[in-house]
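Here is the structure we will look at.
In this document, chain identifiers A, B, C, D, E and F correspond to the written order of the chains, with residue numbering beginning at 1 in each.
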Amino acid sequence: MAALGPIEYQDASPEVRAVYDDIMATRKTGSINNFWKALAHDPVTLRRTWQSIKEIMAEGTLDRVTKEMIYLAVSITNQCNYCIASHTAAARKAGMSNAMFAELMAVVGMANETNSLASGYQVEVDEQFKV
Amino acid sequence: MAALGPIEYQDASPEVRAVYDDIMATRKTGSINNFWKALAHDPVTLRRTWQSIKEIMAEGTLDRVTKEMIYLAVSITNQCNYCIASHTAAARKAGMSNAMFAELMAVVGMANETNSLASGYQVEVDEQFKV
Amino acid sequence: MAALGPIEYQDASPEVRAVYDDIMATRKTGSINNFWKALAHDPVTLRRTWQSIKEIMAEGTLDRVTKEMIYLAVSITNQCNYCIASHTAAARKAGMSNAMFAELMAVVGMANETNSLASGYQVEVDEQFKV
Amino acid sequence: MAALGPIEYQDASPEVRAVYDDIMATRKTGSINNFWKALAHDPVTLRRTWQSIKEIMAEGTLDRVTKEMIYLAVSITNQCNYCIASHTAAARKAGMSNAMFAELMAVVGMANETNSLASGYQVEVDEQFKV
Amino acid sequence: MAALGPIEYQDASPEVRAVYDDIMATRKTGSINNFWKALAHDPVTLRRTWQSIKEIMAEGTLDRVTKEMIYLAVSITNQCNYCIASHTAAARKAGMSNAMFAELMAVVGMANETNSLASGYQVEVDEQFKV
Amino acid sequence: MAALGPIEYQDASPEVRAVYDDIMATRKTGSINNFWKALAHDPVTLRRTWQSIKEIMAEGTLDRVTKEMIYLAVSITNQCNYCIASHTAAARKAGMSNAMFAELMAVVGMANETNSLASGYQVEVDEQFKV
């Protein structure tokens, strides 16, 4: 077997349980996603990743649903199947409607298309966009 | 020389000029970006790409700045330098503040990190996320 | 059916069998991975790819486990599921412990994050790093 | 300085010169591209890469220009600026006209767009396409 | 459930049915792929994407099989599993033989390898390739 | 101008200076790379990213040079020019010789090649590698 299996709450160390507890409290849910159960094999990475995500994805100048849609746009571009599934769900929970998802997808598709057109045509950066 | 140079307005065919005119009218600007001047070597692709972008990037359920930020998130993930430069400018024009940009970047960075963590740990899609 | 199925040893041509034999002898194993059984549809590519991998992955200035971890880092970044599964197994066989895997993953995640931060902030290459 | 500079013919070892000579003879040219002059820092990789490319890019069932266009499509998708510049030139030398380039670019753009649409909509593989 | 299910013909709106009908007529087939059934959740994107693909993938200066092979090369590089499965089938239908597929794969593999060699060795673009 | 310029030490807030000081002390250097000077526009991201990198890149089960080579392998695969330049320098500083770099590059190139071969041939994950 190549991969490490998920670590369930009852089998977790106190250090890992503390992170699981904070995830469930912050997200107002009684379950832990497989992503965290996998990272639990490395409690240091589990803690750091959760702390970073908690800080970054909190309501800020950008609201929760906008942040989740940006997260999803990146995951789609990277073809990360797990991330697409979990962040589509997260974006919906944060308020993304079917209409918003449809517009997000149209923009993501167009951006991926024009990214390749710009590189293939070797377009020079316009003077006014230069750093 | 490997690439095709930009086609300026004065050298453009009537078909290309019509697209240039629509771009400048829609965007309320007097200049054309190098991207369009490169695509002008293929008037069919120029027209189709502009029509698609015009339709997709118009105010909809998502507002203009949200769409531009999603566009930028994709371009950053793809490491498309031209697109990053031009869509950072477009997002700013549509209202992206420094604070919004900073939050966008934090989300894009985190998404790229966790995309690789999810794939490397070979995380199974949770039952509740399955299609 | 879109893909070509695996070619088993008993069904393989002498040319393909010779490569299979060398793989099993070099790797001290009695089985052939699906990757090689798929490439066997093109004996020229099978031979060339195996010869290249055999040459490249041999103990050198870098030891076997370091090479396998680098291979894995690339495969994770590319979201290649087959390669992640097979090279995680190969890295473990070459001596990668759970602790080494955890550190590898932390570095891969951080690199993917900062790669997008560097591009999104359009960071200029420092003078001292210039070619 | 982070990168290794190019190794010119007059400074090259006999082993490297032998590869340079074969490149110039095969390609009917009197100059060596910077790509090979960089790889020359590792004569083993230089030789193996050149042998592989010579074998793969030779006229076969697919003609030279088709192969160069496929090479270019990959390079554009990967946003590899050096490769885009050099393989656009190589494809033109092999016979790619402006009209062929325009059609190539339209296909590459569309493929990159629909790749992200397929992943974002989490489309299931149709039964008839299953391996 | 994270993703939207496929919309079958009998459940589709007249607008969507019109696109389905045109797809089946153009492709001379009685069935619709899951890709279109997913896009049908956004009839505007369905129509625009189909119109673009119909225009781009039609016989032109490049023939149908060359275009499908370029499409496949991009999809492989992006690791888009759905697209690889469906466009391998499409390329075969357009005339790609096993020998052509084998040569395509060799070129795609080599391009991905040298793309990373060129970036890792930080190769400068040759003067004669400069825009 | 699309991007934010670098924030120099003398223009930095006390919060940013504290991070700069820690970077210079940890790395035993008197200068700050452009990457950090760009992130300084968002002191929260600057601090979090530096803390994470400091923790992750410290000598652990894997030594410093191995970690830097893994970082470089990811950056090359992502075609992130800034990251390639800066982490090649960092890897050299940590002890990467020309011979180690050459072997690293050979592995990175081969991994990128076989990643695309595995996806293009639609290779099924071997039973023994399944999670």
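The rule is simple: a residue touches a chain if its C-beta (ideal position, glycine included) is under 8 Å from a C-beta of that chain, and two chains touch if they have at least 3 such contacts.
The structure presented is a predicted model; accordingly, all values stated were derived computationally and were not measured.
In summary, the chains found to touch both subunit E and subunit F are A, B, C, D. Listed by label, the chains touching subunit B and subunit F alike are A, C, D, E. Each chain's centre was taken as the mean of its CA atoms, and the one lying most distant from subunit C is B. Taking each chain's centre as the mean of its C-alpha atoms, the one that lies farthest from the centre of subunit D is A.
Of all residue numbers seen at the subunit A-subunit D contact, over half occur in both copies; the interface is built from largely matching residues. For the pair subunit A and subunit C, the distance between mean C-alpha positions equals 26 Å.
One inter-chain figure worth recording: subunit C and subunit D are separated by 21 Å, centre to centre, where each centre is the mean of the chain's CA atoms. Among the residues of subunit F, those in touch with two or more other chains are 2-4, 41, 44-45, 49, 52, 74, 77-81, 84-86, 88-89, 104-106, 108-110, 112-117, 119, 121-122, 124, 128-131.
The touching residues of subunit E, when paired with subunit F in their complex, are 72, 76-77, 79, 81, 84-85, 88, 104-105, 108-110, 112-117, 119-122. Chain contact summary for the complex, subunit F toward subunit A: residues 1-3, 5, 44, 48, 52, 55, 128-131. Across the complex, subunit E is touched by residues 79, 84-86, 88-89, 92, 98, 102, 105-106, 109, 116, 122, 124 of subunit A. Residues of subunit C that touch subunit F in their complex: 2-4, 6, 33-35, 38-39, 41, 45, 49, 52-53, 56-57, 60-62, 66-67, 69-71, 73-75, 77-78, 80-83, 85-89, 97, 99-100, 103-104, 106-108, 110-115, 117-119, 121-126, 128-131.
Of all the residues in subunit D, the ones that touch subunit F in their complex are 2-4, 41-42, 44-45, 49, 74, 78-80, 131.
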